[in-house]
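Read from first to last, the chains carry the letters A, B, C, D and E; within each, the first residue is number 1.
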Amino acid sequence: MARFLKKRTKALGQSPGDLIFIGNQKMESVQLRLIDYDTGSLTDQELLDIKDGSHFKETKTVTWININGLHDLDVIKDVGRIFELHPLVLEDILNTGQRPKIEEFDTYLFIALKMIRFDRETETVINEQLGMVLGKNYLLTFQEQRGDVFEPVRKRIKRDKSRLRGSGTDYLAYALIDTVVDNYIYIIELIGERIEDLEETLLVGHDTEVMEKINAFKREINYLRKSIRPAREAILQLSRLDGDLIHENTLPFIKDLQDLMAQATEAIDTYRDLLSDQLNIYNSVMANKMNDIMKVLTIFAAIFIPLTFVAGIYGTNFEYLPELHYKYSYFIFWAIMIIIAGGLILFFKRKRWL
Amino acid sequence: MARFLKKRTKALGQSPGDLIFIGNQKMESVQLRLIDYDTGSLTDQELLDIKDGSHFKETKTVTWININGLHDLDVIKDVGRIFELHPLVLEDILNTGQRPKIEEFDTYLFIALKMIRFDRETETVINEQLGMVLGKNYLLTFQEQRGDVFEPVRKRIKRDKSRLRGSGTDYLAYALIDTVVDNYIYIIELIGERIEDLEETLLVGHDTEVMEKINAFKREINYLRKSIRPAREAILQLSRLDGDLIHENTLPFIKDLQDLMAQATEAIDTYRDLLSDQLNIYNSVMANKMNDIMKVLTIFAAIFIPLTFVAGIYGTNFEYLPELHYKYSYFIFWAIMIIIAGGLILFFKRKRWL
Amino acid sequence: MARFLKKRTKALGQSPGDLIFIGNQKMESVQLRLIDYDTGSLTDQELLDIKDGSHFKETKTVTWININGLHDLDVIKDVGRIFELHPLVLEDILNTGQRPKIEEFDTYLFIALKMIRFDRETETVINEQLGMVLGKNYLLTFQEQRGDVFEPVRKRIKRDKSRLRGSGTDYLAYALIDTVVDNYIYIIELIGERIEDLEETLLVGHDTEVMEKINAFKREINYLRKSIRPAREAILQLSRLDGDLIHENTLPFIKDLQDLMAQATEAIDTYRDLLSDQLNIYNSVMANKMNDIMKVLTIFAAIFIPLTFVAGIYGTNFEYLPELHYKYSYFIFWAIMIIIAGGLILFFKRKRWL
Amino acid sequence: MARFLKKRTKALGQSPGDLIFIGNQKMESVQLRLIDYDTGSLTDQELLDIKDGSHFKETKTVTWININGLHDLDVIKDVGRIFELHPLVLEDILNTGQRPKIEEFDTYLFIALKMIRFDRETETVINEQLGMVLGKNYLLTFQEQRGDVFEPVRKRIKRDKSRLRGSGTDYLAYALIDTVVDNYIYIIELIGERIEDLEETLLVGHDTEVMEKINAFKREINYLRKSIRPAREAILQLSRLDGDLIHENTLPFIKDLQDLMAQATEAIDTYRDLLSDQLNIYNSVMANKMNDIMKVLTIFAAIFIPLTFVAGIYGTNFEYLPELHYKYSYFIFWAIMIIIAGGLILFFKRKRWL
Amino acid sequence: MARFLKKRTKALGQSPGDLIFIGNQKMESVQLRLIDYDTGSLTDQELLDIKDGSHFKETKTVTWININGLHDLDVIKDVGRIFELHPLVLEDILNTGQRPKIEEFDTYLFIALKMIRFDRETETVINEQLGMVLGKNYLLTFQEQRGDVFEPVRKRIKRDKSRLRGSGTDYLAYALIDTVVDNYIYIIELIGERIEDLEETLLVGHDTEVMEKINAFKREINYLRKSIRPAREAILQLSRLDGDLIHENTLPFIKDLQDLMAQATEAIDTYRDLLSDQLNIYNSVMANKMNDIMKVLTIFAAIFIPLTFVAGIYGTNFEYLPELHYKYSYFIFWAIMIIIAGGLILFFKRKRWL
């Protein structure tokens, strides 16, 4: 299975702008949730039809519509029609193999990011696409399935009297991206800790198991990197936009996001290097073990093979073999044996093999 | 055979601008197909002579002439004369080893790209040159042989009432490049899946076969990279042109192409890294196996060589060998054997070799 | 334990700008020390409450408040309120896993750096966060715990009649950063010397110990690099600021800091390369040793196994074994033995194994 | 011998601008050839003295003077005096270890390139310096020895009625550089083909021979790279010059040269990577062979050493060895042997060593 | 000993601008030499006190004061006072671990470079700091010890009627840097030649000696690189200065220096790559040797161990061992032996081990 590139085979020969959902359907029906607020008022409701939310588009209040589930093309098309989105934006929302990016249009911004989860059972990273459309008075978010990632933000909208309620859609978008990025750091931490713990078992070396783990973490780190590096670029771009969609007061917060992303990508690079070093160390440990094994073999063989030969000589049945008949032959034979063995042991001691 | 650099030996000592076809003739006769359309009208015909298409050059309709087969220099020269192309452009069209690029001229753009196929039998990537000349009212495409890659675009021209028919040559060029780029992604997917599948056989390790596959995929990925990386640059350049050949409405589509190319080159880099990691893992697995083999050898040798030596001693024919004559010698001998063997087994257990 | 990324788990789901201390509490109570001076006057006192220092904010004298200990959020909040700091600055001060950086605000600069110590017992590098807020007339420094790193600067403030006393807060900030940077170089030196000393034991090769050391130093160097490389960027940025917080006279000193940082990062890169080379050499030494071991084994085995076989032949009990009965058989047998052994020794000499 | 850096020892302590020839004298006497042409006229003559060509300097016709042989300093000094060249240009012409470059002066350009040959016998690349001075109406070329590289260009000057005869010195310079660059590509092809052919012998592995070849090609590729990479930069610079020495019509041709150089450097990088991969594969093949060898050894040793031991037991001469006297002992002995051997064979089959 | 970073421990806790000499005192007393010249006049004298040279500062003639020996802080302080140097410049002059750089001040330039020597006995590179202060009418040079590196320049000043005598301090500075850079090239050549010579002994492989040499040269090349790479940047900067300290006529000469530095750094990179390749080849040669050794062992063991076993069978003392009593048993036994041995030899021939 190709995890590093999402199957676009369905899209081959398709006209650009034609809508197809690239991904696996992860929930039964599409879920629409609208939150509308300003300093004074707050509405939070499930929408049955996106058209019910269309009149919020023009109001001055902050309107956030979250769409869970992307498989129902009609819903997406309705959203596109109501909010006048470019067909390529809709295509990008539906193509869950999209590379993280930011695209500027006349009246709105399109942001594609990855949300990341870590499946502790399989120890693999799973990513999901998050599409965002940021207009002057509305924010649309598209997720592949139901999740409670944005719950803390919703709570803050309800509770918090100050910043979120007093700010525009740009700050809301920032708050959502911030939870996504916080999660990146959290998951890098999670994997990083496991990687740093490997170090200790490395020199003990329980054979192939350590290597398999190094290999597995390398793959996961590369997988993370694939989502996070372009996200860093995208967030960098966010602070350099010309339009008035991002308010000046929000800029320091976006700068903060950039710092977090810099930290995240640096940590990923550090862990990549660490894993490479670990594989090198692992290989050296293996070579060392090999040397140990061979030393044992060589010592045994080098001592006993000559001795066996000497014994073999006196095991021959030659009629005229004078030594056999002397009385002390056997004892002299033992003496010779011991001298040979002792000499060899000395030789190996000098070579520091013993 | 040099696959990574196409033989230009024929061109040595040639005057620049002199036309020679560099490549293998892949079809018998040159095939010319003209499609001419605007919102209202549509013509689709095979041309016997390029001159029959010359009057379309001036009309305001979109004129697409596709030339299959490059070996007939007269045809190419005629095209050059009619569309007033620079001799170097003709040279580049004929040199199928051309590096993907975009070149700007006063009244037209020259685009050279690679079309890519994957031969499933030999598991190798095959590329063919696609030359494009994009003028205000005409688009010329040059392919090495007949192919049905552009068939979906032709169908869309006939069917689609909206975008293609309502747009200019630039959007047509985009649509063609888009099918080429979609194909890149498709083929990277195809190879990528095979590479990711290798991972599983890696730790089992059916000796040299895995390594040969890693090697083969590395070569194919490098071969792909050679075509795709300069294409990325070329497409990036496409959105930064000064002239009016690219209409503003087409720009978001070209931006989309850039995203696809970014995804393609990143995927290629990811797979290159993956293959390098796999070779490292393979080597570690080999070293591990070696250790296993040597452990078996050492255990057998270290246990039985000393025992054989002891047996050898009592196989000697010394006349005065007192132990031979005691009644329980043989049993004591066995006891000593078992003690030695047991001691060594314990020793190896402690070393965790058993 | 994850040393390369500081646990932010506590911060998950937190509203940005909410204050939490990320790190380990390293001292019991927060310690506040105020030094206020100009060319003529000097005050040096411990503050019980940060509010006691608030009136110094407006005076034209240089006011340096050093805060040791970050766990008491009330103190930090008070500082924030009095000096009107952006909530994100307070968050950064408290997050001791912060990446070194410089951030410009309207009336002050925020600088985050790492102070580095080398624990000689565990041979590991330990870093601590240093937060600095540089205003026109005040400098705030935040440390995780009590330390005497800045003691020399305090002494110079008291003693030195000329530069520090005659300059502004920017020069004081420079002086503090200079001690921090001097310490970087000192610690790189300390580790570098140990690394260069490894070279000599490398070719002798006391088995795994050298490799473990290479590994350990690699980790420490990487850990240093993580603190020092972003610090270099930050200091570079310091000389390119637009505002008037940095006086022109201080610029050559900051340029000097940049040189030191360039030296530090280059030294780190050099040592990283050196360690990689050392691991390569170590592996080659191991392979060489292996060859030596195998040569010994092969020579012993190749000489004595054939001889033992010959002896074995004449140890058989065949009734009709003519050689056994000739008088000189035994001596001929010895001669053959010696010839075989001699031949093999010659063979190995030619192969340069002996 | 240092092939990668040409001995400048002679130049040590020399005043800059002092002329010394750095290289080996490759021909007996200096050869001067003058070709002067415009659309209507053509002169081609050997000059005995450079002064005979001095009056051509001022004529509007294109004057090409080719100097073969650099060892006669007087000739070079005369050239310098007549064409008013900067002393450093003369120094560079004579220093055949010069790095490819372009240098702009008020009235002329100095271009230094390498001409490359491939000696099929020693399979090594040989380079020679080509110095060019491009003035408005004259072109001077300096070669180390007689060669027929430029013969095709001379023929085209004589024959070709159109471009070369109708263009200025810049186009002539382009035509000469083009033959040089065509030759680069040709030689990379030549070596590349040999490198790609290595691939097949790689998995068969005729021991050290393949490795020696990989090593040799790596050296040659590096040697090529040393000449070609700076040449790429120089040619890039050629199209960005401010002056009027390069006519606008010549620019597309220089752009074409840049494409060829891009292709050449990319091919070199590809082959470098290929060779590195090949060495990796070679090492893996070696490790695999080692495993095979060890398996054979281990199987033989593990089966026969225990058997020999059993035989050894019954070869002992103990007086009271009951088994020796039973009638079927010998056959039971054989049975035990076969069971042991069979068991071990099964064991090795399970381990997939057989 | 840390060769790659010069001990600054003495400087810890020091106030910036405080003067301390970092390095080893290499001569007894400081030596001051003044050369003052213009086209017409020339003075060359040893100064006892730097103050004796102070009046030359204002004259329009070129004044070059060379200071050998840096341990006497009073002399350095006097120089600083007379020529009004910034305290940081004095600090840099004294800190012999300074990174090569150029620093611009209002009325002078400070240049720090490394002079390099190669100790043929220990085969190590030794560097010494060269400090230069370039004013409009004076040039100060600071060396750690007496040396005759600049003697050729002094001779040229005395002899040469034209360029040096007719130019300003900038050309003198160029001439001195040129001798330093010529020396870089010379030493890279010296080491490079040794490295290229290693190639030949590589495939013969006199065990660890080659590896030790590769290792040693790698260290020296890295050491060189550390001095030369920043010097390249510094010299590049020299041609981009704004002030009028560098005369326009001197620029082509500085451009020439840049070419030499480019050549030097490229050669260093080439040799680094070469050494890495050599280590790879060395490891492959080692692996090959190992294979050879194991083949010999395996062939001997695999042939003679089974034979010994067969002999062992007929060495047993079973009473009822029928084969022992047949007349031709012994000869059949030999025949079996020869068949087994022959079969195995054939087997190994097929495996190409023989």
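Assume a contact is a pair of C-beta atoms (placed from the backbone, for glycine too) under 8 Å apart; a residue touches a chain by one contact, two chains touch by 3 or more.
Every value quoted in this text rests on a predicted model; they were computed, and no experiment measured them.
Counting only chains that touch, the fewest steps needed to get from chain A to chain D is 2. Touch-path distance (fewest steps) from chain B to chain C is 2.
When chain C is laid over chain D using CA atoms, the rotation angle comes to 145 degrees (nearest 5).
Remark: chain B and chain E have CA centroids separated by 42 Å (rounded to whole angstrom). The centroid of the Cα atoms in chain A and the matching centroid in chain B are 26 Å apart. In chain A, 283, 287, 290, 294, 297, 301, 305, 308, 312, 315-317, 321 are the positions where the chain touches two or more neighbouring chains simultaneously.
In terms of inter-chain touching, the protein chains here make up one closed cycle, each touching precisely two others. Order of chains round the ring, from chain C towards chain E, by the touch criterion defined above: C, E, D, B, A.
Touching chain A in their complex are the following residues of chain B: 152, 156, 160, 163-164, 174-175, 178-179, 182-183, 185-186, 188-189, 192-193, 196-197, 199, 203, 252-253, 255-256, 259, 262-263, 266-267, 270-271, 273-274, 277, 280-281, 283-285, 287-288, 290-291, 294-295, 297-298, 301-302, 305-306, 308-309, 312-313, 315-322, 351, 353. The part of chain C that touches chain A in the complex is made up of residues 1-5, 7-9, 11-17, 86, 88, 91-92, 97-99, 101, 103, 207-208, 211-212, 215, 218-219, 222, 226, 230, 279, 282-283, 286-287, 289-290, 292-294, 296-297, 300-301, 304-305, 307-308, 311-312, 314-317, 321, 323-330, 333.
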